[in-house]
Amino acid sequence: MNYQQIIEDIYEEVKPLLGKGKVADYIPALAKVDPNEFAITVADLEGNKYHVGNFEQKFSIQSISKVYTFAVAFSHLGDSIWQRVGREPSGNPFNSLVQLEKEDGIPRNPFINAGALVITDMLFDVLKEPRADILQFIIGLTGDSSIDFDKEVATSERENGYRNAALANFLRSHNNINYDIEEVLNLYFCHCSITMNTNELANSFLFLANGGVNPLNNERILSLSQTKRLNALMMTCGAYDEAGDFAFRVGMPGKSGVGGGIAAVIPGELAIAVWSPALNAKGNSLAGVQALELFTTKTGKSVF
Amino acid sequence: MNYQQIIEDIYEEVKPLLGKGKVADYIPALAKVDPNEFAITVADLEGNKYHVGNFEQKFSIQSISKVYTFAVAFSHLGDSIWQRVGREPSGNPFNSLVQLEKEDGIPRNPFINAGALVITDMLFDVLKEPRADILQFIIGLTGDSSIDFDKEVATSERENGYRNAALANFLRSHNNINYDIEEVLNLYFCHCSITMNTNELANSFLFLANGGVNPLNNERILSLSQTKRLNALMMTCGAYDEAGDFAFRVGMPGKSGVGGGIAAVIPGELAIAVWSPALNAKGNSLAGVQALELFTTKTGKSVF
Amino acid sequence: MNYQQIIEDIYEEVKPLLGKGKVADYIPALAKVDPNEFAITVADLEGNKYHVGNFEQKFSIQSISKVYTFAVAFSHLGDSIWQRVGREPSGNPFNSLVQLEKEDGIPRNPFINAGALVITDMLFDVLKEPRADILQFIIGLTGDSSIDFDKEVATSERENGYRNAALANFLRSHNNINYDIEEVLNLYFCHCSITMNTNELANSFLFLANGGVNPLNNERILSLSQTKRLNALMMTCGAYDEAGDFAFRVGMPGKSGVGGGIAAVIPGELAIAVWSPALNAKGNSLAGVQALELFTTKTGKSVF
Amino acid sequence: MNYQQIIEDIYEEVKPLLGKGKVADYIPALAKVDPNEFAITVADLEGNKYHVGNFEQKFSIQSISKVYTFAVAFSHLGDSIWQRVGREPSGNPFNSLVQLEKEDGIPRNPFINAGALVITDMLFDVLKEPRADILQFIIGLTGDSSIDFDKEVATSERENGYRNAALANFLRSHNNINYDIEEVLNLYFCHCSITMNTNELANSFLFLANGGVNPLNNERILSLSQTKRLNALMMTCGAYDEAGDFAFRVGMPGKSGVGGGIAAVIPGELAIAVWSPALNAKGNSLAGVQALELFTTKTGKSVF
């Protein structure tokens, strides 16, 4: 299927939404992004790419990085990771401490902040150079060696990251962080600060549409079963406390970030990435979610 | 694909699990069911049926009835139903009052008890004879006019249903129940008491695999878009507080009941129903979930 | 000490507050009360009475009735009542379901609605005619046989009392209500509907300042130890989720009602009742709390 | 009144309880204390002292220190402190994060850990040498210059204090900690580590029985009104989530610590300190609470 016309139509339809919503402003580096930015890239398994908008403009991927760190931890540790993190939707704002207290320091899933901190802690067990290795993992998925951290963002996040520091200390009090809290937080914020454009994001998610195999080099990253399970996790937990609504409206497994990016897949077919920095009340890209809903409506494709 | 051998293999593999877990015992009529019962029916869109186990034995469908009542309300009221009920996973035991209090009497989704009570209340707006009409709806989906309520179960549920009565009163205090509380509760328990076997259950779910059209008579029940959305709801909210785990392990949209039944679909292909009365700690059929996980593993089919 | 001048000064000082706040309006019978009403009665153990304002005007005592029903249950059942109700402040709005769910149906204390419903249920065990007997109990404390229920208020409360019905059903689901839910609710609302004036209220609380003995007839109602304990309960739990603030500002054990009345005692000395119908955000009489704070400030008397 | 015989009788009566309960063991320095230790000191306003048990043995005062830091902050800042901390009982375990999240980072009262951290933060505003100045404050109350920190305990607490570090970071994320988190935590643990015996504890609380004036030197520490209010706070919030029960059984304003100490007062009369290291399930000295209950029962004295 040729997606070019479809995504151009989508771009036209969502234009009235651009700038609606609110750009994340808890750190200056994010607050200064133009709320009217927009881009879509579709990458299918036959190697085609389709783009609209500012698809070469890099932005902060933020929580989308949790997919990469989870994939790496899952590939090394397998189902043993479920001893330290659950796989249920949280039913609460993404950085809530309440559920964590009730459930003895086991975060509900790897995509809420607490869960991602536990996964980050695991990376010290399985990677020699966790910071560089995750970057190499993403570079390997995209074939683009220019992908890098944004040190200004990482530093700024760390300096203002009291809630995440609270989470890390709380997890440690439940013996669910093993390494030095400062190092875990620094690594976490480092990964969140990675900048990518929609082209790179879509490429990097293709292995999730391809049964776990990187289509660039046919290297297996996850088993087929693990890949399906990561997709299931994204479906039920990938959009903060709006995961149900995202599944309902969009019907694709995907992961969003407060930088305004969303990446999603249709297994066996394609990966799609959208970007628009202004967020809805639940912290997901307002125009981005709408664009994805239009995509599944117009193509008739979704997992359901 | 011929599923007969696959489901026979599954039966053999899950036999050691039969009787593990705990049959629902909060009312006598459910407690007396043999925990070793087991059945699977697969119904595909080409009209084939495959069975193992005691597939002609009727059992109490309980919460699976919430799919039928939701489908009927959704078909009549469309997206206006979302003013009175949400579509997010609950992250809490299925009959919890906590979330409800926090969120001003709007249940998180139509498949938790509070949400199903609100949907039941809506049925009085759109059906002349809500009790009989839901039964006719199911009979129309299965072509089997023998399907009926179990009055003993309905009466017993009502007599012990203090938590649901609490929910109904609480919803009413938030103006989210409009009809007489006793009538709403009676209707709710009536639908939960319907008995079906796996053959009937699988048939009744085929329209969800068939884009919203009843394959028996080509009657459209829901639009394609509504069908996908109901499937999405089942994926994120269909298995109580184990929905994430169910999506992770099984990868099909489905709905479970405390009678030990589970019905699920692979869109475009098939519906499957399993039954085994002994439940796991989250209230889902222990052997049933395992059987469904084996089914997607062995067939390589799932939505992910 | 002659309190007449003191309470007259207080009346002058609180006049600017009259009508500030909000009269309870969840039922019409309460909503129609003039928000500018005000009265104080002080009754000391030497038999003196001091009044200002409209002290002969009867009003709905509402939750103040929980002191009478608790006193009667405590006198009959002693410490066995603590098997069904706690004695800790609730830290939550007075009719919250959350804590109740977390703590398995044992209300935190007898003065939140759930706890008072459990106490009401106990009355059926110990009184032949719970409705009339509680009235006789109050008449015995005041010597005033004109005290009666307000049937309009009781009926209106019952018709709108969905939250309390939810609580009662929820308590029943935890086996902490033994009698018919409707009868328990009717009795509960009946007691809440009793109308009294500040003169009667102050007289009725004198036994709590008098070591448990009714000063009118020297009849012992509670032992000294029980009396101290009831006073302690009022101190920590008597003012909804403002009990800490009430203890801090006023320093007397007391109990408030949404009709705008508050009754309090200084053990060994006196009882005081105030009435002003406009409530603060926590549901306590705005001018009433201020008047009591001024009373302890001006007299230098408080338990601390 | 001569209290010597009374406290000797109490000692005999509570002996069977000694060693029941559980010594705090979250740090080694506390875990090694003999669970059978016991002491009482009564100090009245006429200058008499009465002792039983090991009243010269120092122990870790832990949360009792919150009374001293609060008194110092309150004396300097007056009612402005209520902008940053509440005065309601918490209805939750003493170091819970839940309430804090719900109430936007304003701890419910100064005696839960979160509230004490905020008070500690305030000390940097009002004291030149917060660590030494608090010690001098206590030395001034007792006339005993040997009172000191236990560095081993303070260090050990800090090294294991992840929950308190979580609280401090969480409070900071709500802008309710202004100074460096590490410094605030170190100061907090420092004060908690102070060791005193029951004689010193009782003496140090005498100003709370004496209207705010240190009886040793007639220096006013708090106004009469502030003193009554601090006593009210101890009554409603001084015994963790057992404050209601403590008020009910003991009827005196008091403050407990996990070192097994409890100090309490009867305004206008006396201060009393008890120590027994084995704690009940709520974290209060098991034999200590019983001893205080016997004291108010035997003397007939309590504030109620």
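Residue numbering begins at 1 within each chain, and the chains themselves are lettered A, B, C and D in the order written.
The definition used in the following text is that a contact is a pair of C-beta atoms (placed from the backbone, for glycine too) under 8 Å apart; a residue touches a chain by one contact, two chains touch by 3 or more.
All values derive from a computational prediction rather than experimental measurement.
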Partner chains shared by chain A and chain C (touch criterion as defined above): B, D
Relative to chain C, chain with the most remote C-alpha centre: A
Between chain D and chain C, distance of the C-alpha-averaged centres to the nearest whole Å: 32
Between chain B and chain C, centroid-to-centroid distance (C-alpha), Å: 47
Distance between the centres, which are taken as Cα means, of chain D and chain B, whole angstrom: 55
Junction residues of chain C - those touching two or more other chains: none
Touching pairs - complete list by chain label: A-B, A-D, B-C, C-D
Sites on chain B touched by chain C in the complex: 96-98, 101-102, 162-163, 165-170, 172-173
Chain A partner contacts - residues on chain B that touch it in the complex: 86-92, 99, 108-109, 224-225, 227-229, 231-233, 235-237, 241-245, 247-249, 251, 253, 267, 296-297, 300, 302-304
